[in-house]
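Here the structure comes first, spelled out in structure tokens, and everything after it is commentary.
By written order: A, B, C and D. Residues from 1 in each chain.
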Amino acid sequence: MPFSLEDVAVHNNRDSCWVIINQQVYDVTEFLPEHPGGFSIILKYAGRDATRAYVPIHPKDALEKHLPKSKHLGPIADAAAQKLEEAEVKREKSQDELRVEKSRRERPLLSRILNLYDMDEVAKKVLPFKVYSFYSCGADDGITLEQNTRAFSRFFFNPRVMRPVSKCDPSTKILGFNSSLPIFVSGAAQAKLGHPLGELNITRACGKAKLAQMISTHSSCSYSEIANAALPGQPLFFQLYKSSIDEKAASLVKEVESLGYKSIWLTVDVATLGNREKDVKSGWVLEDQEKGVPSYYIEEAEKGGEESVNFFGTSSPRVALDDHDMTWQKTVPWLRSVTKLPIALKGIQCVEDAVLAAEAGVDGILLSNHGGRQLEYSLPPLEVLYRIRKQRPDVFDKTEVYIDGGVHRGTDVLKAVCLGAKAVGFGRAFLFAQSAYGEAGCDKIIQILRREIVTGMRLLGASSIKELRPEMVERVDWEPIIRSRL
Amino acid sequence: MPFSLEDVAVHNNRDSCWVIINQQVYDVTEFLPEHPGGFSIILKYAGRDATRAYVPIHPKDALEKHLPKSKHLGPIADAAAQKLEEAEVKREKSQDELRVEKSRRERPLLSRILNLYDMDEVAKKVLPFKVYSFYSCGADDGITLEQNTRAFSRFFFNPRVMRPVSKCDPSTKILGFNSSLPIFVSGAAQAKLGHPLGELNITRACGKAKLAQMISTHSSCSYSEIANAALPGQPLFFQLYKSSIDEKAASLVKEVESLGYKSIWLTVDVATLGNREKDVKSGWVLEDQEKGVPSYYIEEAEKGGEESVNFFGTSSPRVALDDHDMTWQKTVPWLRSVTKLPIALKGIQCVEDAVLAAEAGVDGILLSNHGGRQLEYSLPPLEVLYRIRKQRPDVFDKTEVYIDGGVHRGTDVLKAVCLGAKAVGFGRAFLFAQSAYGEAGCDKIIQILRREIVTGMRLLGASSIKELRPEMVERVDWEPIIRSRL
Amino acid sequence: MPFSLEDVAVHNNRDSCWVIINQQVYDVTEFLPEHPGGFSIILKYAGRDATRAYVPIHPKDALEKHLPKSKHLGPIADAAAQKLEEAEVKREKSQDELRVEKSRRERPLLSRILNLYDMDEVAKKVLPFKVYSFYSCGADDGITLEQNTRAFSRFFFNPRVMRPVSKCDPSTKILGFNSSLPIFVSGAAQAKLGHPLGELNITRACGKAKLAQMISTHSSCSYSEIANAALPGQPLFFQLYKSSIDEKAASLVKEVESLGYKSIWLTVDVATLGNREKDVKSGWVLEDQEKGVPSYYIEEAEKGGEESVNFFGTSSPRVALDDHDMTWQKTVPWLRSVTKLPIALKGIQCVEDAVLAAEAGVDGILLSNHGGRQLEYSLPPLEVLYRIRKQRPDVFDKTEVYIDGGVHRGTDVLKAVCLGAKAVGFGRAFLFAQSAYGEAGCDKIIQILRREIVTGMRLLGASSIKELRPEMVERVDWEPIIRSRL
Amino acid sequence: MPFSLEDVAVHNNRDSCWVIINQQVYDVTEFLPEHPGGFSIILKYAGRDATRAYVPIHPKDALEKHLPKSKHLGPIADAAAQKLEEAEVKREKSQDELRVEKSRRERPLLSRILNLYDMDEVAKKVLPFKVYSFYSCGADDGITLEQNTRAFSRFFFNPRVMRPVSKCDPSTKILGFNSSLPIFVSGAAQAKLGHPLGELNITRACGKAKLAQMISTHSSCSYSEIANAALPGQPLFFQLYKSSIDEKAASLVKEVESLGYKSIWLTVDVATLGNREKDVKSGWVLEDQEKGVPSYYIEEAEKGGEESVNFFGTSSPRVALDDHDMTWQKTVPWLRSVTKLPIALKGIQCVEDAVLAAEAGVDGILLSNHGGRQLEYSLPPLEVLYRIRKQRPDVFDKTEVYIDGGVHRGTDVLKAVCLGAKAVGFGRAFLFAQSAYGEAGCDKIIQILRREIVTGMRLLGASSIKELRPEMVERVDWEPIIRSRL
């Protein structure tokens, strides 16, 4: 028999904890200690409707996967559903929600989005404060985040003239798979925080545009939903956060392999989570904004401990159980042993490790500092790429090299490709685009990048990717002009 | 019989399209598909008076050249002319037009214009928003545009003392033609957008001052008007945008040769048009300003396509049919075969191409990145010049080297000349000067430059151009001070 | 018999000077010429209560130590005490005092202090203007002060991946004493200006956290108070300002040795006091603020002499009698002769002196420019450390190397340790933390630093201090991004 | 018989031009064509009282020297003098004059001037707009002016410790003459524009402080007035602007030699006057400020000529007749032949000329770009000094090297001295100091510099000038922090 709200309400504690999600009642009492996000966040909703908090951060199949059938207790009654709906209607919206709604109504015409910066600006306006803080934040003071971008401004072109370019082909291959442009979508999870369709927006746009997309272990859409949304032959890559339990990791790899994912990108730059202060404090910054006055310190009432703060922010739950003792000797061979898919390492940050990776025989490496979210003062990926080109160009013969982080313009892509990158990853750009305009936003930034890349190739005197050469870029010794300073 | 407005008004569509220009009626129906600017811009004025839109961007002989006699249908009736005039008088002026009119009334005294920056400031004030956007914009984020200027700030002087300089002669030769100063007017088209007399203002000022002027294929005054305005012996140069149809290009070269033009400067840096966002969006920025509120995006109502936007901006029509498959092997010999005039290449952007050009036997090269309007992150011309001086000084013996882009001061000119440039081109400076004060503005900036160049030569210890030596300039390793930061 | 206020009031001049401190009457007439701070500051309070001025800058035992028993005349009468108290209650508070009181009430929750910058900001708000000026000021224009910090921004990491770091131990040894982190509290005196418990706040926090603390000769708590507050085994270091009278210095060393202090850090960078203008002028800046209008210059009324200004500011009294003729030949052997404790030199500022110190056989050197308070344009300590690493790495084998100055982040600490520093000193950070929240503030910044250091080590691929290697940091050639510019 | 105002008033034209100066009437008709400042400025006062315009820019003996006795027609009548006085009293003061008067009343206490920047600020406030514009302006955009200062910020110290410095002697010799500090007053003319006593303020302060002062050919006090104000033995140097007529120059040298001047500093960096726009336009900027609205351009009413503007500004008259054809071969030997005084060249701006000067056997050279007032982008003197040290240290053995330009701090002086300068010149600093507080201002900045120099020497570990060594300074590769950015 369907449950009334009162039926559920009594199970509001650690000993018996029920929650309502999408009008279904679940008994999560035994699951509490296993929840990767910690049990306290669940207890906050014990005996109550948790739909609004649950949906944007969990794939649709999460309950099936993690909860035994028997714990799915059944639907709530129609009267209960109606009450929840009425409550939702009556709920007073926060200032932030009202701001978001207004901004969404007043989004600029899509035809007026001329470049990725324009798109980022719209996203900043239409995203809830906490989501934007999570998406946009870097480690510590955001210096590596910013340097990732500035790095591109230190490389200038030696454009060539008098070369036939009326025909110009920007297509290439990534780990053997065709790509219409030398770009791909780098692992950027939790897209549903920005748009209800989440990662699917990106999948559909990539399908039409013939681009590869990397799906994170922590994707907010389920791996199968995404696989189903892909066109035949459309390459999906899997970004693996390896569990410390090998078997669990192996079964995850086999799962995505069976769903048709085409390669495994092992995350190697998350030995622990970076110090993402902007994300960590977004909760109380917002709270203070809403109530207009902050809470003050009262001697003795607050102990100086750090226990009360979640220093890992939005991403915290997901990393605690990962493997933080991977080694070259152990981990790469293990991964080879569980899959025949091409393997790449995501998060190589220096020349020495690029060399070790090439020697370990992986199919590709992604030079990345996790978009500036992990170690503050990690060198910008473009600078690492440049050092490999200067110091160890043999790496390019032994493995495919990719980069991501701080890329905003077609010319940025071309600089990296000239220096030896097979392709360049975009993460936040797609999160922002789908947050702003859903699938149409993703279509748009791909169109922009295609136009910028082809224009750039022509003006460089290159009619194909292989004509983009290291000699065409030069690192200058002067300080970059920053967009905001113009 | 003269036409009434009603006679014309019915021919307002693609099947029969008449327009009125300067009180004459033209049938442009068959011309629609050939219009380099696309047919939609014409259809906007189908059946109506198009004078205000047409005049500032077309040379006087454009209709003769491109429309058969038979399509010139004859004048409108006096009554019709009067109605048009009345309509013009009654027309409510836009805020931008009113701003321009006020600014023109309040231009500073010409004697208070002390340098080229002062002149640029006046131009910015008195130009319509869209014209200023078109004149001033660079590619992408304007970084190369800005770096062109900053480059000069990284070169300092080693001035010499105890040298006789009471007599000081700044004259030189450009492709064999006398020039009273080591400067020339670089190809800057569409001057009529800024002043009704357009390029003629510049021609007259150059005549008096004994300076050479380069006339663009896309000049808004006709080649013959300009030739007629020149003094005997005054050197006019022709900037050729080569058509993809060799015969068309050859006949253009022969036309200007017969008009007395003295050399051909082949544009080599426009394999496609640069991404000039400021220009592209100036239309809707202005529109939003005028009506006070922008248009908002409505899901589904707007498709994410890029078709609706003219990404080539103001210059778009002119480039589509040009030759984008020029080569060293084919194009230079072809040009030699159609003219005996000296040949220079405009738009060389790296040392390697300077060497190839010298080897191809052209008479001169113009180091230029098109005023920062083509490939963003193309090296500043002064930096390319410096690299030629350091790496391949033999180039200076084989061909004459010129530069343009970012030049504002006499000392800028002297730095380039010290490093090996025969002369330095000014483009926007003359567009701005003639926009602000017509011919008198052009006179003024020539006077300023002469004073600054002679003062600089004396203080450097040089009494003639040949005494300006590479040792007199030194590239410093510190960041330039930018005028706006002072 | 207890004194009345009138009894004391008559002793208000140089010939007979009594003062009341903590309700006790002292005859300081004979002490006047010996007062390190000069006699005029005492005369200001002659015949009056001096408690408020005296307490925050003198250790509790100062009177015992410097005044013979006989000069302690006894307590004031109860009625007198009551009058003083009433006067204090009625005293009109200055705007600055009111501002401080409000700011203290409104301190943010301690849990919201995420990093050392957050803590500095609170301190800036809750400190009296003059105290903050004294704590925060550098020499001259504060350029070295600022460069100390910026130096860290020029060093980037080459993080290593695929290394086991789930276990991570940040402990090390400092001059042989255990330290739970590679940091220590560098000599920062006069803590009672910021908080009534002064240096004791720091001592207690260090005890719990197992960190070493350096106590200045000019500590505002007495050496024994601090020794008493320390836990068993907790390492206290002594920062020696050497008197020009060797015997006096020797007896001081013996005193702290007998109190259990574990090492002597000889200050070598104070041959005279630096030019601390912000501190010097804070008095009159505040005065002008309070009365709203500054005093104007009147010709002849003011002589241009410098006599009327105390150019040594808050620290002035303490340095005049120090030894300004120390030498390598004389001073180090002398110090060895008076103590068996480990000896370090605080204030080494160039490679050459680091080499000389190593050759002189000291146990450690502290690369420091006194937090930018001594010679303006002294190189930042991190840059000196880098030069030692490049030019004379043998120094690291001969003596232990420490640095302080400009450190704000765990990554800053790690950069220094990678380059060869055994540990990194924090001075102002602890002054600010204890000013803001007392002992809890000190606890807090230690927790922050521990978290940042361990996170950084893991992300660098280091599970112990010895795995932090010079190759892991790289000095970049681009300009640092400054926090305030983000 | 004394003249009435009416007597004078009729002589108001080029054919008969009388002026009143200090109540005396002069017939300057025949002098008009000879006036170095041009005749039009005199005609402005023809038939009228010219005292206010004349006095601040002419030495007292100018009339005697340049006008025959017979042209001195005698005094005006008492009634006339009274009328002039009344007119002066009734004269409505300009806004600028009122601002100056208020600022002078509100000058800060001299004891609160802590450094030279503080003094410059006062001067900026109390000087008439035009005078401040003249004193402070540089060439073109003021970039060299600013770089002169910034150059010092690129040099850091390697301070030495453990050296005896309780005794510290900053005295040195300049061209053989004793100087209590390694500084001198560099040629800065027209001091009376800032203070009625003009250069005498500086002379008196230098006498007391035992410093050398360079007196310009264009001094606004007469050479003999200054000689009379000097103490016995006080070294006065003469800055020679050499006339193109050798005899005239020789007689000037003999004149000052006979007055007791001790050396001749030949100006070599004024082959023509620099482009000082701030000075040139200060007249009309002020005019616009006073009347509130600028004059507008009217087509045809104003010709674009440059004739109407005085491009040489305040200094213009003085340079036109100078020798602009000096050579190493001719001019140095000529100067040796007319005087036995030590000879130095003021205005050497590159290594090559320093070498030539040393080879020409002059006693000293002053590395100077005329305070940034001559050639924009001339290298900062400190950078030239550094290049001599690196490339041609033998120059220091062959001639004495001095620098001026951009010096503000004791540490600036010490950097130059470490690199090899015998002493460092201050120009504007003394103009500003005497403008702000007269002689007391000059005393003050000398006290400040003495304190800063001695403090700096002690903290560097140097007890005498000869202990300041090149190894103590290091040119860094990072961008300087600018005071205004702190």
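To be clear about the criterion, contacts are C-beta pairs under 8 Å (C-beta built on N, C-alpha and C of every residue); 3 or more make two chains touch, one makes a residue touch a chain.
Computed from a predicted model, the values in this text were never measured in an experiment.
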Identity of the chain that, by mean CA position, is farthest from chain D: A
Chain B against chain A, contact positions shared by both copies (same if over half, else different): different
Rounded Å distance between chain B and chain C, as computed from the means of their C-alpha atoms: 64
Where chain A and chain C are represented by their mean Cα positions, the distance between them in whole Å: 45
Chain C: positions in contact with at least two other chains: 477, 479
Interchain contacts (touch definition) - all pairs: A-B, A-C, B-D, C-D
Interface residues, chain D side, partner chain B - complex: 140-143, 146-147, 150, 154, 268-269, 271-275, 277, 280-281, 284, 294-297, 302-306, 308-309, 311, 324-328, 331, 345, 347-353, 356, 369, 374-379, 383, 477, 479-480
Residue ranges of chain C touching chain A (in the complex, touch as defined): 105-112, 114-115, 153, 155-166, 409, 411, 415, 437, 440-441, 443-444, 447-448, 451-452, 454-456, 458-461, 471, 474, 476-479, 481, 483, 486
